[in-house]
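Consider the two complexes below, in which subunit A is the common component and subunit B and subunit C are the respective partners.
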Partner chain A sequence: MVYIHQAYCISPQKTFQDVDLELLHEPVDKKLYAIEPSYEGIPPGVLRRMGRAVRMGAGAGMPILKNSPVDGIIIGTGKGGMEDCIKFLNQIVQYEEGLLAPGNFVQSTSNAVAAQLGMMSRNKSYNSTHVHRGHAFENAVTDAIMQLRALPGKQFLLGGVDEISDFDYNIETLDGSYKKEVIAASDFYTSDTPGSLAGEGAAMFLVNDQQPGALAGISAVGMLHSEDPAAVTAAFQQFISTHIRGNQKIDLFLSGESGDNRTLKFYAACESILPADIPVARFKHMSGVYATASSFALWMACHILQHGRLPVHTLKTVVEVSSLKTILLYNNYKGLQHSFMLIQK
Partner chain B sequence: MNMETAELKKQLKQQIVQFLNLTSVNPDDIKDDEPLFGEGLGLDSIDSIELIVLLSREYGIEIKDPKEGRKILVDINTMAAYVEQHRTK
Partner chain C sequence: MWSSTAPNKKISLSRIFVTGMGVISAVGNSVAENRQGLVNAICGIRNELNLFPTKYSGLLPFGQITASTDGLMKALGVSDPGVTRTSLLALHAFNEMLADAGLSLADLRSPETALAGASTVGGMCLTDELYADANKNSNGSPYTSSYDCASVNIFLQKHFGMNGIINTINTACSSSANSIMYGAMLMKNGFARRAVVGGVDSLAKYTINGFHALHILSSEKCTPFDEHRKGLNLGEGAAFLLLEKEEDIAGKKVYAELTGYCNANDAFHPSSISDEGDGPYLSMQGALNHAKLSAADISFINAHGTGTENNDETESRAMIRLFKEPPAFSSTKAYTGHTLGAAGAVEAVYSILSLMHQEVYPTLRFTNRIPSTGLMPVPEYRKMPVQHVMSNSFGFGGNCSSLIFSQA
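On to the complex of A and B.
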């Protein structure tokens, strides 16, 4: 079990300072942009050079690193600093492979977030970035689990971060990832149309193998590549039977349902094998869709377990939710990359 | 200071703020003799490369010797003087 002792999240909702999950922030131009804080503690000279992904990652990670020395930094990002990457590539074309400004390149690499966190905290230990698209964060979690098995007593900064970039949004709109019509957050799951809303954010966690004082623990993580709902259901069933033991009860199913009617079949298939009395909550109307949205879900699971309640707008069906101790998360990225996570108090 | 030099200095200040994303700096507040690095604007080594790229793109000036760059990128006065003498566009 990996225990989470601190959790910070910059997201399209009020998750960073004065957390308020009841107030739902609406998408703008079919995108759920993160509410960025003032980034106190990050020198202005450093901040001005950061792209959005690096800024959000550093902003969510530094409050942890400021007070807690870590033995490594492990980050998952599907696309890194895509906006700066495109700016840099455009420079190459515009200036015919001549003299190029280095700033965009430095910010564009996927490992810029972990590197920046390492430099700002003067941490020279293990520094790793996982870039497996929709499984990037899950691979970072797996890395943390393996590190803690190999190095008991150590602690790590674990995080997931991705940004909305205009160029990437346009490309993914062409491949049908996003909705053609404008929808309100309240219609997110009822539109019955293809595509979803783009999202972004950074969630950072202090993890170790010590239970006392922990907000929550990750007891298992599983991943699967498949386009077949039957294969996903079988893997989900296997995950449950392997990790939910004896009379252990799932108190909440946290679903990554994205409002895309093409991927609904996966969520329906997973829900169908769970007992009907397990409440189902959803989070993508809050985070939007991005490769590491499961890191937002993990932050939300920690928040739910810590406070023992969840916002009504997250519940798929209005039910009385009591005794929240075990949350089962299922997430799906683009109908291909599936992940399961068991989070417990 | 003639009108052309004054206009060039004003333009350089605007370009530096824009190029280096100095969002909290008003170009008009940069003094002509204010050091660009260390004290003053507080720029660093990555900024010096960005400024060399700026001079190349905007004025067609190629600076290949880092020692030469250090003499040019002292303040707005030294930058403007060098641009006036060496610009190719």
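On to the complex of A and C.
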């Protein structure tokens, strides 16, 4: 088991300070923008130069690094700093490859979040950035599992970050990722149209191999590339039978359902093989869709396990939820990259 | 088919070997062509760039691969409309690795076969298409899902129907050293039986202008470790290696053993290394510790050696700190240019060639030592006993990684 001892999340919901998940923050222009904190503790001069992803990553990661020395920083990000990337690209075109300021270029590399965290905490140990799109965070979790097994007793900062930028929103819109129509938040799961809403956020975790005092533990991660719902269901079934012990009960199925009618079949297929009395909760109406949204889901799972309850708006059908000890997460990104995670108290 | 990773498995102590290689760079289109170039001091860097319109074409030297993008598509039999030059270069090197290792399609598609790739440019080689798509100046090019770094390995996964763990790492210029390390870790942890590891980057208007803005592109062919070095030349390349476990190599040709690796951070500046080279020192020291070797055991260092003022001096200092009197070392970036996310994998192949043929390749165009460090890289091709090679890759964000390959 990899144990999570601290968890911080900057997201479109009130997840960072004065956490309140009951009050649902609504999308603006089909985008769920993160509620950014005041970023106390980051010097204003440094903060000004940071792109959005780096800022959120530093904002969610520094509270951990400030008090807990770590033996490495492991980040998953689908795209890193796309806004800086296109800002620099636009300069190249507008100034016809003239003399350009390198700031945006340096901030645009995907490893800028992990690098910034390393620099601010003067951490010279392991530092890695996984960018495999919808498996970026899952590979970061896998990396953390492997680091902890190689170095028992050590601890790591593990995180997932992605940002909304106008540029990336344009590209993803052309790629068909977002809904054409404006929908009310209450219609998020019922619109029956293609696409979803854009989301963003940063979730950061302090992980080690020590159980005492942990918020939760990750006991397994599964990954699969497939466009076939039957293959996904088979893998899901196998994941459950491999990792759920005989008398262990799944208390909650956390589904990455995104309101996109093209990927609903995968979620429905996985749900269909679970016993009917397992409550189903969803989170994408809170986080929106982005490559590392599973890091938001992990933060939420920790929160649920810690407090023993969850907001009613997350439940797919209104049921009494009791004894929350084991949460099974299934997520997919763009109907190709699927992941499972088993999270336990 | 699926793959899962759980924290309760035992770490395997089995050794990890390289049993297949493929590479394409400005020096040549195969492992054999690359070695020919390295032995005969044939530099791939030229004052010519015709992949896309840029004002730096003809002005600055680049390590461009001669094959055109259309030519690569034809030769590889690929017609997917959204495929990028980066993915094509990757496929070219992947194919060579596959044939060289004699890995069956069934084994390649096994859930026990992982793919750990790396890229920093991904589909951003299509700068003009990206500009149009990002700024809503188009109805959508065929490349809207091909710009990110993951697009390369997703293309390879689909092309070959792979079912194991697939990952893409981007730690800037040390990316593919880390993907090699990640693949090895997946194997040691029992999450993969074998791993295809490597990296790719193609030349892009984006990176050319980025490095130019940082004033680290040389107007002449680069001269790593020379007192009068003027910066780096950008290049492009791809390389993949097949890693297999000790228990699976019987009867196969084995090129080298991956004995050590370490990733450390310089934690100093976003785009330069600290004066004393803390990150490089730590990654080299960590790789030695991991391999249970001492500094004196290293026969040769394939240095990062980009040719920039900052890198070559700090890398030299770190080598002196660790080795006192550093062993023979050289930078093959004088042949290929800096291939960014591919460099760690391309130079892993070169390091293994040194082990296989008991030879080292010179740092071309070297004339004067850096006065403050006084080190001289290998000036000309020579045969020498090579038992353990260290290969360095350092990147922006202070991301430093070192690998050690040993005679099998």
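One rule holds for everything that comes next: the second predicted complex is superposed on the first by the 345 of 345 C-alpha atoms of A that agree within 3 Å, B and C clash if a C-alpha of one lies under 4 Å from a C-alpha of the other, contacts with A are read in each partner's own complex, and residues count from 1 in each chain.
Note that a residue touches a chain if its C-beta (ideal position, glycine included) is under 8 Å from a C-beta of that chain, and two chains touch if they have at least 3 such contacts.
Quick caveat: nothing in here was measured; it's all calculated off a predicted structure.
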Contacts of A:G45 with subunit B and subunit C, given as first, second, both or neither: first
First, second, both or neither for A:L252, with subunit B first and subunit C second: neither
Residue contacts on subunit A - larger count, subunit B or subunit C: C
Which of subunit B and subunit C A:M62 touches, first, second, both or neither: neither
Which superposed partner A:L24 touches (first subunit B, second subunit C, both, neither): neither
Partner chain in contact with A:I327 - subunit B first, subunit C second, else both or neither: neither
First, second, both or neither for A:E96, with subunit B first and subunit C second: second
Partner chain in contact with A:L224 - subunit B first, subunit C second, else both or neither: second
First, second, both or neither for A:I10, with subunit B first and subunit C second: neither
Subunit B versus subunit C as contact partner of A:R149, first or second or both or neither: second
On subunit A, positions contacted by subunit B and by subunit C: 99-102, 106
Touch list for subunit B against partner subunit A, complex: 19-24, 42, 44, 46, 49-50, 52-53, 56-57, 62
Residue numbers on subunit A that touch subunit B, as the complex places them: 44-45, 48-49, 95, 98-103, 106
Subunit A residues touching subunit C - in the complex, by the definition given at the top: 1-2, 73, 78-80, 85-86, 88-90, 92-93, 96-97, 99-102, 105-107, 109-112, 114-116, 118-119, 121-133, 135-136, 139, 141-143, 145-146, 148-150, 167-168, 170-172, 174-175, 209, 218-226, 231, 235, 238-239, 242-243, 334, 336, 338, 340
Sites on subunit C touched by subunit A in the complex: 1-9, 11, 54-56, 120, 124, 127, 130-131, 133-136, 138-141, 144-145, 147-151, 153-154, 157-158, 162-163, 165-172, 178, 182, 185-186, 188-189, 191, 205-206, 209-210, 212-214, 263-271, 278-279, 282, 395-399
